[in-house]
Every structure is written in C-alpha cells, then in structure tokens.
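Note that subunit A is present in both complexes that follow, paired respectively with subunit B and with subunit C.
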Partner chain A sequence: MKRLYYGLGKKKFLEWIFFAVFVLFFYGPLMNMVVLSFAGDYEYPDVVPTSYGFKWWDYILSKSQMVDTIFTSLVLAVVVTLVSLLICLPAAYAIARYKFRGRSLVRLSFLLTNAFPKMGIYTAMAVIFYKLNLMGTFVGVVLVHIVNTMMFMVWIPSGAFRTVHVQQEESARDVGASPLRVFFRITMPMAWPGIVVASLYTFLGSMEEAQGSLLIGLPNVHTMPSELYGIIMSFPETAGSVFAVILLIPSLILLIVFRKYLSAEALSNGLKM
Partner chain B sequence: MSETKEKLIISGLTKKFSKNEGVENINISVKERELLTLLGPSGCGKTTILRAIGGFNKIDSGKIILDGNEIQDMPPEERPTGMVFQSYNLWPHMTVYENMAFGLQIRKHSKSQMKEEINEMLRLVRMEGMEKKYPGQLSGGQQQRIAIARALVLKPSLLLLDEPFSALDAKIRGQMREELKRIQREAGLTVIFVTHDQEEAMAISDRIAVMRRGFMDQVGSPEDIYDNPRTRFVAEFIGEMNFLSEGGKEYAVRPEDITMEKSADGDCTILELMSLGHYTQAIVEMPVGGELKVFMEKDIARNFDTGDRVNCIYNRKQTFAA
Partner chain C sequence: MDKKKVRPWMPYLMVAPAFTVMLLVVILPILNTVAQSFSTADGQFTLANYQYFLTSYEAFESLVFTVIEALSTMLLAMVFSFLLALYLRFSKSGISRIIGRLYLLPRFIPGIVAVYAVMNIIKDAGFINRFLQLFGIMYKPGLLYDMKGIVICNLWFNIPFSAMLLSAALSNVADSYVESAKDAGCGWGKILTKIIWPLVYKDVIVAATFILMGQIGAFTIPYLTGPNNPKMLGILLYQQVNTYLDYQRAAALSVLMFIICLGGAVVYIKSNMKEEAWQAGK
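Coming up: the complex of A and B.
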C-alpha cells in the first residue's frame, strides 16, 4: 500500500481510491447478483458460494409459471411502448409546434403522475378499475404502465420535435407532400433519436414496474417484477438472483443495440440528427 | 418586343395578424420571366405576401391568380409554386439526391427519368457530383443552391425566394446573386424574391416593389426607383441620400449629384475623404449645420484635401410631400 501511495503520488492515489469505491458501489451488487445466480451451494454469511452450477437456473426455468411471467413482461412492455407511442407522439408534436392556450399546463400535467406518491395514484386507479372491470386484466396493467411512462414519451419526443425547423416541414409541403407524409418522412426521421430514447425508457420502465402491476394485475396477470416479490420472500436468495439476471437481459440487449442514441454526446446535443 | 403576358395577378390581398401587423389590399402582377423583388425593412409585410402565394399563410381576403387559376384556397402541396427559405431548407437525414427526389417520387416519376432530371438541375446550379453528400457536408451557399435546384426540378410555375442569401457571407452572397440571375435567364423562370437588402434588390431585379408597414410605396424598375423615388421613405431606403433644408423646404440630393468646387470663401468644409475603391466619398460640413455625403471619381478627388473650403453645387434636387 505504501509502495502504491508513493508510486502514484498523493493526488493520483486518492483518485484511485475514489474510483475503486465508485466501482464497488455500482458494480458490486450487480456482480454479487450474477455470482449468486450461478451458485451451487451458498449459505448466508459467505461472500461467495462454496460451489457453482446451474442448479437455480434449472429450478427457475423448470417452473412454467415463472417462464410465463417472462413472456408476459416482454409482451406487456412491447404493447405499452407501442400504445404510448400512439398516444404520446401526437401530444408531443402538438406541444412542440402549436401555441395554444394552456400549453404549459398540458405539459406539466404529464409530470403530475410522477409528482405524487405512486401508491396513492394506483389505489385511486384501482377504485376506478374495479368499476370498469379492469382489475386483474392485461389492459388494466397496460394502462397503469402508460400512466408512468407518459412523461418520458411526451417530454423527450417533444424536445426532439422542437429541433426540427418549421421551414424543413414547410419545404416538404411545398414540394408536394401531404401533412401526414411530412410527419412520417421528414419530422419523425429527424426526431428519431429522441423517439428511440423515449421508447427505451418506456420499455425498460414497463419491464421493471412492480407496484402497479402487483396492485392492478394480480391475481391474473403476473409480470416478472411482481413475481420477483414472491420469489424473494419464499425462495432462497440464489433463486431471486437468477430471476433478476433474467430481468436484466432485455435491458442489457437494448442498451447495447441503441447505445449510439444513449451516448452522453447524443443526449447533450438535444437528440438532434 | 411583344407584350409578355401576366403570370401572376394578386388583387385585394389582405392578411392581418393584428391591427397593425400584416398587409392590406395588395394589388400587383408579375409578368412571365420577370424577377420581381419585394423589398423593405423587417416587418413590412414582404414575407407575408410571399408566404401567402406559397400557401403557408391563409389569407383573409383577396385573390391570387397564377396562370389563370385561382390558387388562394389550395394547400401548399397543390400549388405549382416552389419556395426557398432563408435557411433550413434541406432535410439533413437525406442525401442531396434523396432531397431532390422527394418531390419527384410523390409525382411518381420513373427512376431513370428522375435521375436525368436531377442531374440536369445539379448541372444548372453547378453542383454536379454532389448527389451522395448529406446537407451537413455542404457549405451554406451550396445548401442554398441545392434548395433552389430541389425547387426547380419540379418545374414550378413560379419560384418564390424568401431572403435565400441573407444567411451567407457577403462575398458568397454576391456570387449567388449572379448565379441566380444566370439560372433565371437559362431556365426562363418567373421569380418573386424577398429581401431587406436594397443593394441585392437593385442588382438582380427586373422590377422592385418597395414596401413599408404593409403597403407598397412604389413599384418600378431599379433605375426608376433610384432616380425618381416617389416618397421620402423610398428615397432614404434605396441607395444613399442627403436630406437638406433650404428656406423651410426639405430637399433630397443623391451624393453623386453633388459637385464640389474649391474656393477660399466656400461655405462648406471637407471633414473626411474616404477611398471606396472605384470612387471616393467625402463628408462635408454644411454652413447651416449637418453633414453631406458626396461621391466623386477618383481623379477628381485628387484635387481635394481634408479641411478644404468648398462650394457645393446640387445638380439635381427632389422634394417630397410631407
């Protein structure tokens, strides 16, 4: 240690310590989870398992109910993303382009669902959903998820639409494109990075949403996160780790595929083309 | 020369944004192959008229007749006009070729025909070989050329240019003017050009409409407007003008219409002599106060020095109703 300290110099040494703490803080739990998921024998006070294997993977994947939740979650996330694109993109465009009375109020209202304690909103929604027979249905869970993701889906694309200049849309009208064609061929492609990022947030947000799914979805709709609650409580830690790693895989794939849209540079450029 | 026919007739065009903003009862016509410039300071309504012709402003009342058809109620995509804006004309996610092909695809031209038409237009604006470039790889001047080419490839009946060169450097702006003039001549275009730059307007126009606060003060050839400005505003806005009062009346004199004579008991004093290349500008102090601007040939300017006493002779004076 002394050798390292004098070798690096005081400033460098402190930087290294910081870096080590940082890495431990961010990647420690993640590593621990991955390691535990491949455990063979593991008992609580140990830091690492005494033997390794696919025992718990077999266990989770052999339970058809748990495998089903994986599919439910994926389908749900896709549906939520598509539906909120359909609802939110027109809203985002309107907020970006048109000046209308109460525009800032509309913009703020998308924040409201994220400004209050979630459980309160879910409970209120549950009351309404009971009357509408939406409790325990797939549609009900989709709606709960959309309430959460609306803010991303409106704000981020709205910012992206604002980077498209009116002249660029007008010149497209001028050469003969209808308003709809202008939107799909000019405006959307130019705002694409923002739309991709918002969709990613929505997809990932839906993948990890547990509270709302638990309250609205049970007992019929089981998503991975809501199932995870049960697993953590009634199975060993190692089973939970396996499930958590599975939950992580789609996120990792998406982040790798779309990394160019998520780079710090792209985000700081306001998601322009 | 035979009388050319009217291409565009605007009658009674009114478009009000608020009580003081907008244009009212505009009447003007443009002849075939003519380049008409709408000239005026910002906020005078020149762009409002251009956008009304292009279909981007819904007009309150009036008629716009192009090639004998009323177009005022059509959306922009149905109008046979082509518009080029000051900036941000091109779509950055498409190559130059794709930019130019966009309108042709909508008109369902065949691929081979499209290629030929685009190449021809690129040749006309001297941008051959740029098909595969993206707009971000082009300079500002090149982007505007492509924007013009993109409008022209659709063979518009009327080309509308909204300050297309004002975002460019002075030198390139000059080149683009000449280019535009050449393109207009070669393609036989009818053009409406909007600018706030009187020099640009003088250089390229067949006719200029000088606008102020929603009205057209004067419409005429550049020479006519320069030599016989109808209002004080036009006189002041176009070119350089001296205003002097004599016996309670205000006169306007162009700097080149003043001759200076050296004289020991002259009542004016030369404050400054400035060589502006092909001519020299003198600032002269008048006995009654105020300064005069005088233009003269370089050879004549050699006879004068700063501080010289001179007499000013006004060869041509104009007056305007208040």
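Coming up: the complex of A and C.
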C-alpha cells in the first residue's frame, strides 16, 4: 500500500481510490448478482459460490410462466415505444414549431405523471379502466407505460425539432416536397439523436415499470418486473439473480448499440422544459 | 409562402392524440381522485378523509419519516453528484474518462433489478457480512428494513441521475472562464461560487426537485427495503388501497402527497420559466 502510494504520487493514488469506491458502489452489486446467477453451490457464509453451473438458469428457463413474461415484456416495450412515437412526435413538433394558445399548459401537463403520486394515479386509473373494460388487458398496460414516459417522448424530440431551422424545411417545400416528405426526409433525420434518446427512455421505462403493470395488468398480463416482485420475496437469491440478469440484458444491449447518442447533455434534455 | 398562414387548428390537431391519452389516463383520474377524496363510500360530501390523515399519528410519523428520508437522499445525492460532476468536467485523466462512460448506466438499469442487487450486498446475510467473516468479524449491517437501506438504494440511482444533469450544465462552463479567473488570482473557492455556481444552480434545482418529488411517492424501494413502521408515504398509500380497500382515504392521501410535491413543482417551473423568457428573446 505504502509503495503504491509513493509510486503513483498522492494525486494519482487518491484518484485510484476514488475509482475503486465508484466501481464497488455502482458495479459491485451488479457483478455480485451476475456471479450468483451462475452459482452451483452457495451456502451461508460462502462469499462467492463454491461451484458454478447453469443450474438456476435451467430452473428459471424451464418455468414456462416465467419465459412467457420475458416475451410479454419485450413485445410490450416494442409496442409502447412505437405507439408512443406515433402519438408524441406530432405533439412534440407542434410544441416546437407553432405558437398556440395553451401551449405551455399542454407542455406542462406531461409533467403531471412525475408530480402526482404514481400509486394514486394508478388507483384512480383503475376505476376508469374498469368502466372501459381495460383492466387486465394488454392495451391497458400499454397506456400506463406510455403516460409514464410521455414527458421524455414529448420534451426531448421537441427540443430536437427546435434546432432544425425552419428555412431548411421551407426550402424543401419550395422545390415541391410534400409536408410529410419534408418531415421524413429533412426534419426527422436532423432530429434523429433526440428521437433515439427519447425512444430509449420509453423502451427501458417500459421494461422496468412494475407498479402500474401489477395494478392494471393482473391477473392476465404478467411482465418481468411485476413477476420479479414475487420472486424476490419467495425465491433464493440465486434464482432471483438469474431472472434479474435476464431483465438486465435488453438494457445493456440497447445502451451498447446506441452509446454514441448517450451523452449527459442529450439525456438531460428530457428533464427540462 | 403558405407556411405563413398556418391553419390555426393545425397545432391542436397535432397535439390532440398525445393530449387525449394524457387527459383520459392521467388528468381525468386525478380529477376523479380529488372528487373522491371529499366523499364517503356512498357519495356524501365529507372532510373526514382529510381529517383522518391530518390527525392520525401514524400518518404524521410517515410524513416525518418520508421528509427526513427525502431530504437526506437529496442532500447526499446532490453533494456527491456535484463532486462527481466537477471531477468529470475538470479532470482530464484516463480514469475520469472511464468513469464518464460508466456513470450513465445506472440511470437505465431497471429499478427493481438494481434494488435487488444492492439488497444482496447489504442484507444481514449478504455480501458484506460474508466477506467480513473471512477476517473473523461477525458484522450485521442492519441496513435493510431501515431508513439507511432506502437511502443507500436511492443514492445508487440518484447520484448518477443528478451527476448527469450537472455534467450537462457544467459543459457550459468554458475553460477560458476558469482560466481567466485563475489568472486574475482567484482561488478554487471563489471560482466555484462566482463562476461555476451561477451557471449551474438552475440545474441543481431541477435535479433536487426531481429527487424530492420522486421520494414523496416512492414505492418500489421502500416496499422492498424499508421498515414496517414507520413507513414511507408511498407504502401508507399502498396499504390504504390494498389492505384496507379504502379508496376515499387513499384518494385524500394522494391529494395531500400531491400538494407536498406541488411545492417542489412550483420551484421547478419557476426556475424553468426564466429560461423560457430568455429563449423567447432570441
């Protein structure tokens, strides 16, 4: 330790300690979970499993109910993202381009899901969904997931659209492009990074949403996070870890694929009006 | 040319789908909640639901517990994330670049997965306990089912979250500002308070309000890691619905929690509106 301290110099030494603390705090728990998921024998007080294997993977993957939740969650997230894009992008564009009465009010309304207690909204939602026969349906859960991340889907693309100059759109119109063609060929490609980030928020938000799916989706729609609640309570940590790691995989893949769009600046846009 | 005379109903048409969903799925239920909170189970007007929470000792305890938890999470997260963001902005070392890549990930890890991962570390038979036994130390952290457990899990999420917001803000602080201040003889203390702070305080407010609002209604983390008594407001609300099936009381509690959040929201909107005025001017 002493040799390390003098070898690296005080500043470097402190920086390495900081790095170690950072990695241990943020990545230690995740790494521990991945290790546990491949455990063979893991008895108290073993620090790490004494043998490894796919025992618990087999166990989880042999339960058809759990495999079903994986598919439900993935399909749900895709549907939620697509529908959300479809209904939110026009709104985002209108808010970015046009001045109309009530614009701030509309824009602010998307903040509501973050200010009103979620559990309160879901309970009240359940009352209305009962009347509309949406309880326990796929559509009902899709709606819940959409409103949860609508703020990102409206605010981030809206900010992105604002950076596209009107003149660029107008010149395309002048040479005869239809409004839709202008949108898909000029505006959308330029606003693309913002749209990607917003879609990521929506997709991953849908993958992790548990409370709403529990209240609105049960008993017919089981998603991975809502299933995980039960698993945490009643399964050993090795089995739970397998399921949690599976839930982690889509996030990791998406983040790696789209890493060039993810900067602190791009991600913060959705939180400011 | 025809761009000039945009049909006035155009923007409304474009906003309509998104706003309709919002109206049906969020705004109407919220209005319904407010109405419910003032009524008895058979529809009579009453203030009893509010009276219950305003006079109940249990609710008061929960409120105090939640406020303490929310404030400590907020303060700790802000301090650590501010330091982290400063480090990421002003250190040019390789380590800083690696951390700059790594710190964004927790924002996108499914909440319940992360809570589970942290639980397996800090619970009494968890990693910390097992690891220390290697050295013959029998230590039970006692963090789980306690306020500390909730705060630790929340820090895991909120430090990266607010560090992200603050890093974005700090990228507005040009090197030249800092260098010229240094040339003029300013120490780091002065640079921090006179140059960096004015440029980022607005984002500090945004981050702090989001953390606070999130804590008031928080459910997943306290449900899995928190104590049974006193409990967070989010759990108290869940109980009204799930255990007592008392929707009117649940409604009243939702409204009360919303009012608490509203304080934060007002600060947030105010600090954002200033930006609006500046943008309108350009």
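The criterion applied here is as follows: the second predicted complex is superposed on the first by the 260 of 273 C-alpha atoms of A that agree within 3 Å, B and C clash if a C-alpha of one lies under 4 Å from a C-alpha of the other, contacts with A are read in each partner's own complex, and residues count from 1 in each chain.
By our rule, contacts are C-beta pairs under 8 Å (C-beta built on N, C-alpha and C of every residue); 3 or more make two chains touch, one makes a residue touch a chain.
On a predicted model such as this, the values are computed, not experimentally measured, just so you know.
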Which partner does A:L247 contact after superposing on A: first (subunit B), second (subunit C), both, neither? second
After superposition on the shared chain, which partner residues are touched by A:M190: those of subunit B (first), subunit C (second), both, or neither? first
For the overlaid complexes, name the partner, subunit B or subunit C, with more touching residues on subunit A. C
First, second, both or neither for A:L180, with subunit B first and subunit C second: neither
First, second, both or neither for A:Q168, with subunit B first and subunit C second: first
Would you sort A:Y44 into first (subunit B), second (subunit C), both or neither based on which partner it touches? second
So in the superposed three-chain picture, is A:I256 touching just subunit B, just subunit C, both, or none of them (first/second/both/neither)? neither
Mind sorting out which residues of subunit A both subunit B and subunit C touch, each in its own complex? 170, 173, 273
Of subunit A, residues touching subunit B in the complex: 165, 167-168, 170-178, 181, 185-186, 189-190, 192, 273
Help me check something: in the complex, which residues belonging to subunit A touch subunit C? 15-16, 18-19, 22-23, 25-30, 32-33, 36, 44-47, 86-88, 90-91, 93-95, 97-98, 100, 103-104, 106, 108-121, 123-125, 127-128, 143-144, 146-147, 150, 154, 166, 169-170, 173, 200, 204, 207-208, 210-211, 225, 228-229, 232, 237, 240-241, 244, 247-248, 251, 254-255, 262-265, 267-268, 271-273
Contacts from subunit C onto subunit A in the complex sit at residues 3, 6, 8, 10-12, 14-15, 17-19, 21-22, 24-30, 32-33, 36, 87, 91, 93, 95-96, 98-99, 102-114, 116-121, 125, 127, 129-131, 133-134, 156, 160, 163-165, 167-169, 171, 203, 206, 210, 213-214, 216-217, 219-220, 224, 233-234, 237-238, 241, 247, 250-251, 253-255, 257-258, 261-262, 264-265, 269, 272, 275-276
In the complex, the residues of subunit B that touch subunit A are 54-56, 75-78, 81-93, 102-103, 106-107, 147, 150-151, 154
